[in-house]
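Chain IDs A, B, C, D, E and F follow the sequence of writing; residue 1 opens each chain.
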Amino acid sequence: MMIEKICIINPNSLDTVTKGIDAALQPLRRPEGPSLECFTLADGPPGIQTQRDADAAIGPLVRKVASLEPTASAFVIACFSDPGLHSLREMTPKPVIGIGEAGMLTALTLGQRIGVIAILAGSIPRHLRYYGAMGIRDRLAAELPVNLSVAELADRQRTLMRMTEVGKTLRDAHGADVLVMGCAGMAALRAQLQQEVRIPVVEPCQAAVAMAIGLVQLDWHRA
Amino acid sequence: MMIEKICIINPNSLDTVTKGIDAALQPLRRPEGPSLECFTLADGPPGIQTQRDADAAIGPLVRKVASLEPTASAFVIACFSDPGLHSLREMTPKPVIGIGEAGMLTALTLGQRIGVIAILAGSIPRHLRYYGAMGIRDRLAAELPVNLSVAELADRQRTLMRMTEVGKTLRDAHGADVLVMGCAGMAALRAQLQQEVRIPVVEPCQAAVAMAIGLVQLDWHRA
Amino acid sequence: MMIEKICIINPNSLDTVTKGIDAALQPLRRPEGPSLECFTLADGPPGIQTQRDADAAIGPLVRKVASLEPTASAFVIACFSDPGLHSLREMTPKPVIGIGEAGMLTALTLGQRIGVIAILAGSIPRHLRYYGAMGIRDRLAAELPVNLSVAELADRQRTLMRMTEVGKTLRDAHGADVLVMGCAGMAALRAQLQQEVRIPVVEPCQAAVAMAIGLVQLDWHRA
Amino acid sequence: MMIEKICIINPNSLDTVTKGIDAALQPLRRPEGPSLECFTLADGPPGIQTQRDADAAIGPLVRKVASLEPTASAFVIACFSDPGLHSLREMTPKPVIGIGEAGMLTALTLGQRIGVIAILAGSIPRHLRYYGAMGIRDRLAAELPVNLSVAELADRQRTLMRMTEVGKTLRDAHGADVLVMGCAGMAALRAQLQQEVRIPVVEPCQAAVAMAIGLVQLDWHRA
Amino acid sequence: MMIEKICIINPNSLDTVTKGIDAALQPLRRPEGPSLECFTLADGPPGIQTQRDADAAIGPLVRKVASLEPTASAFVIACFSDPGLHSLREMTPKPVIGIGEAGMLTALTLGQRIGVIAILAGSIPRHLRYYGAMGIRDRLAAELPVNLSVAELADRQRTLMRMTEVGKTLRDAHGADVLVMGCAGMAALRAQLQQEVRIPVVEPCQAAVAMAIGLVQLDWHRA
Amino acid sequence: MMIEKICIINPNSLDTVTKGIDAALQPLRRPEGPSLECFTLADGPPGIQTQRDADAAIGPLVRKVASLEPTASAFVIACFSDPGLHSLREMTPKPVIGIGEAGMLTALTLGQRIGVIAILAGSIPRHLRYYGAMGIRDRLAAELPVNLSVAELADRQRTLMRMTEVGKTLRDAHGADVLVMGCAGMAALRAQLQQEVRIPVVEPCQAAVAMAIGLVQLDWHRA
């Protein structure tokens, strides 16, 4: 029997982010599959901070998905803004899951008021438009940024400290009882962050891949 | 290594429903687990058609979950009204997933306007209250009942025909582009129904167990 | 002519709470009725702080209402979480009013942005689900807890001080222009609290019984 | 002891409407009060069909309320568009209840999806704006007009037949499980209409006066 | 060819406000028209601070519009509460634009979360009802008052300072990324305010007249 | 003095559509400007029917706007899905208006319940996501497609007939009191369509350019 394959595509061109995602999926891997293969979008933007970055990733994503489609059973778009999600869904009836969507939906099962930790303030209006498109804005407590530069994010200890600060503000001043990490590649910090804030923390890549595995096993397509 | 166990509890007392659920989970089972064990709530109501039925299931559910908790890694409540969901979440930090919630959330990834096929008209106000509590009512196209008695439901061919009729009405008159089967134990009809209506159909028990498996593998707790 | 009777059921087992409710109804009593009779749910939980408490009250409530139904004209459930409300409405076509529902609806006529004073932080997610189910979440300014233990609540002066503090925060930081006391049995503090915060304060038991009296006099049933 | 007085003001100039309202309040009257006195707004418009009519009633209403204020304990505005409601609330801290508001809020306790029977199609956008302002639009199933002229409304049998038709459409095609009569002065038809449609029917003048009586007895003011 | 005329009506009786509005429209004037003529409502209230003021302006507004209608192509109501907007729309099929409506809608194109700067705290509930009626409340970040008296408002420097303070609070504490000046006659402060807060600032009279010019040029009527 | 220039970009590659848009702007042109220049996106998709088409237009749009930016005062994106709107807003502080957004916002001033006439059924979920992102979904009565192929659309008489049919269904069965043409390039049919349906009809390119002219004249930028 052929093992099914889920392709997780990091729509930016940074291999280190892809490696972080790949490591985070370890607990979801099983011998009999589906296999979880992570890809870097070599011709994607170097990071997705703006709407322009998100939109610029769509063309390369479409090409990547087209090339992977014959051998893949499902796709996960590993950027919290879910670039190209609906374009990709038009290309293939196989499951395509965005980590923004899956992160938020999973959070709905873990708490009543979602607090989102964004990297940059400038991403928040884009995320708000997305929550509105999803029709779940009533469940958002607030979204706040850590406002760290890429260089600063490399310092994991500092990043954890900032995320903890922001997470506690979301919890105490905005009433959040579940947090979502509004970014990819930070899964290594999830458990510590949850320990600090003492409310559930959702890492969206893991949440998305878990949903994709389910859809693949159930063989649910969109047509 | 111990295999993790997910307990799926059918909150009514009908073994045939439990058997239907159990069979539907076959594609989600894997050798290394988690194991998926289905339980009938022997002291639950014979069916959950009314709010009274749903509420009457909570006490027995709580006792069942308490007895299973030491050896279980997660719970799924296999009734579309998700009776006792938040009581159970207070009892254990382990994942507790309701099939109503998981069915609707999974549908959000498969279409824009959800059509729900209810068994009885009398359940719809209860479901509407629940969608409101979840904060996702904007995504509901409509919910319509098949209005078949328990005896009639036993006739699978007839049930499929009624579900197909209702599904087509949800699609054509209400604009639904994804359907949710608003009940447990009908998974055997899902694929045929989807073939007939040509839009994705979500079977909520399968959707819920898939989400629960992911949470167990990720070892995500609520505290 | 027989005097009609409205049964107000305190779903916890504390007689002192029932007595507080009973005293609060004095201004609503009139010689020609309806009579307002308060009941303690002897086999209810000792207090309703959790969803589990709320759900545990439903069975005893159903039995109590069944025993009272032949001679009652309406029922009021005197707990802000309105446990069992829809189960009870299925049992009898006579009016059944929850104090949570009636407190919030009455507040809608007294201000634009409702601030709710909860006893415990842990009740707030449950209340938010309920406001969502009612479809009135847009009118909530915020809900904040006084976070006093049962022992501390017995100190009325301290309770009033904490409620005043929380009420002023709801008014000044969250823009509330009407407050709801999110609990039963505190009616004795209402007038003083309103005097302190200088915006209207709704005591939900009184609000609910007033609505029930109206429905009884109009002889409005649900079928 | 002085008996309290609630002033119900029909903001159109038709005495027959006022008489209909007055008769409808009979079940709410009690010897010890409050007394329920109905007034015709002699200088109001002859009927309130348009926004212009509604707005034109405000000036006369304000003057009427000013003249009645010294001896009144509460006011009810007996037009479904609740003209001047917030102006009047600024004039007096005493309860001022609109029948549109009270009719809808009372319906929220009697069903999940409200169907409103309007007299004229042209009133519906105005009512929709109002439900939006109240923040309860999610609970509206639909609003449909009987589209009868004033002359035709005088034929009670015909009016009942049209209301029954519209009510059944609201119930069967739009899923309403409670109806509100979106007008004043039709209380005499309420019981028959409910019998025909077999779901609860709210007559808004009665609902509003019942709420006003409660507020008066509780001595709740807005300041 | 006759030049079209848009009549901008200041519904309060203060000529200085009208003059401020008139000056603000200078950039929108063009030789070939439409001409922009500003009118003071001589028999309007001296200022519109309360709902009563707003309602009191409707009668005079209706008369003014009736007198201007034969020679006007469109109307703008220059008060942020848009008094009489829907009455006036019933009187004439020509465009009638309210500055509250146009200010908010224009802001929707300039940012994701609108912060509104009100003059008085007491106006905010009225505005909130209006945003609800418009169905755009999800886009409001917050509305906060400058709380300056009419005398204080005459001190432009002080007003600018207070507006800047409030604008920065809306931006920093409430996440607003666009501001609306919730009043008429302050256009002279717009550019400076925007410079201070560094997010777009909408002056609603200018926004409304710009929309009205477009409708006139397109010759769009309501019937 | 230099005349300001507004660049209207048709993001598909069909010159005939651009010509239709250009002709539609005639009533908005004035000697002293701003000048209204229409551009075809030569390297855009041949039509925008899918999300993939919309996303594929963004790259070319960005390049086009970059090349025009030095001499343009504002931009209008002439496709109802507003592709790239927020990317373009990041590129320039000058006004960028999408016709989908402007069409819907203008409709909010002309009626209470918007009916949208789409070309294809497949576009409706994409539009619904957009209305959700805009936060205006409560104002949508319904959106229905004419379902005509490109070839069929060339037959103007037939297109008008289908639009009239769909418009009447939106009005009569869904309660719409204003219509929006959910496409570009059909302005020539607007007046006739409005005459047939007797409720206002918004042509979104005209609505968007009118808003852009206002912003240019006011010199309102986003920073």
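The criterion applied here is as follows: contacts are C-beta pairs under 8 Å (C-beta built on N, C-alpha and C of every residue); 3 or more make two chains touch, one makes a residue touch a chain.
Only a predicted model underlies this, so the values are computations on that prediction, with no experimental measurement involved.
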Quiz item: Which chains does subunit A share as contact partners with subunit D?
Solution: B, C, E, F
Quiz prompt | Remotest chain, subunit A as reference, centres from CA atoms | solution = D
Practice problem: Rounding to the nearest 5 degrees, give the angle of the rotation that lays the CA atoms of subunit B over those of subunit D. | Solution: 120
Practice problem: Report the inter-chain centroid distance for subunit D and subunit E in whole angstrom, where each centroid is the mean of the CA atoms. | Solution: 32
Quiz item: Which whole number of Å gives the spacing of the CA centres of subunit A and subunit E?
Solution: 42
Quiz prompt | Separation of subunit C from subunit D, taking each centre as the mean of its C-alpha atoms, in whole Å | solution = 26
Quiz item: Do you know which subunit D residues sit against two or more other chains?
Solution: 111, 129, 132, 134-135, 137-138
Self-check item: Pairs of chains, among all present, that meet the touch criterion
Solution: A-B, A-C, A-E, A-F, B-C, B-D, B-F, C-D, C-E, D-E, D-F, E-F
Quiz item: subunit A touches which residues of subunit C in the complex?
Solution: 124-125, 128-129, 132, 137, 142
Quiz item: Contact residues on subunit D for subunit C in the complex?
Solution: 27-28, 30-32, 95, 97, 101-102, 105-106, 108-111, 134-136, 138-139, 198-200, 202, 206-207, 209-211, 213-215, 217-223
Quiz item: subunit D touches which residues of subunit E in the complex?
Solution: 50-52, 55-56, 58-59, 62, 84, 86-87, 89-91, 126, 129-130, 132-135, 137
Practice problem: Mind listing the subunit E positions that touch subunit A in their complex? | Solution: 111-113, 138, 175, 177
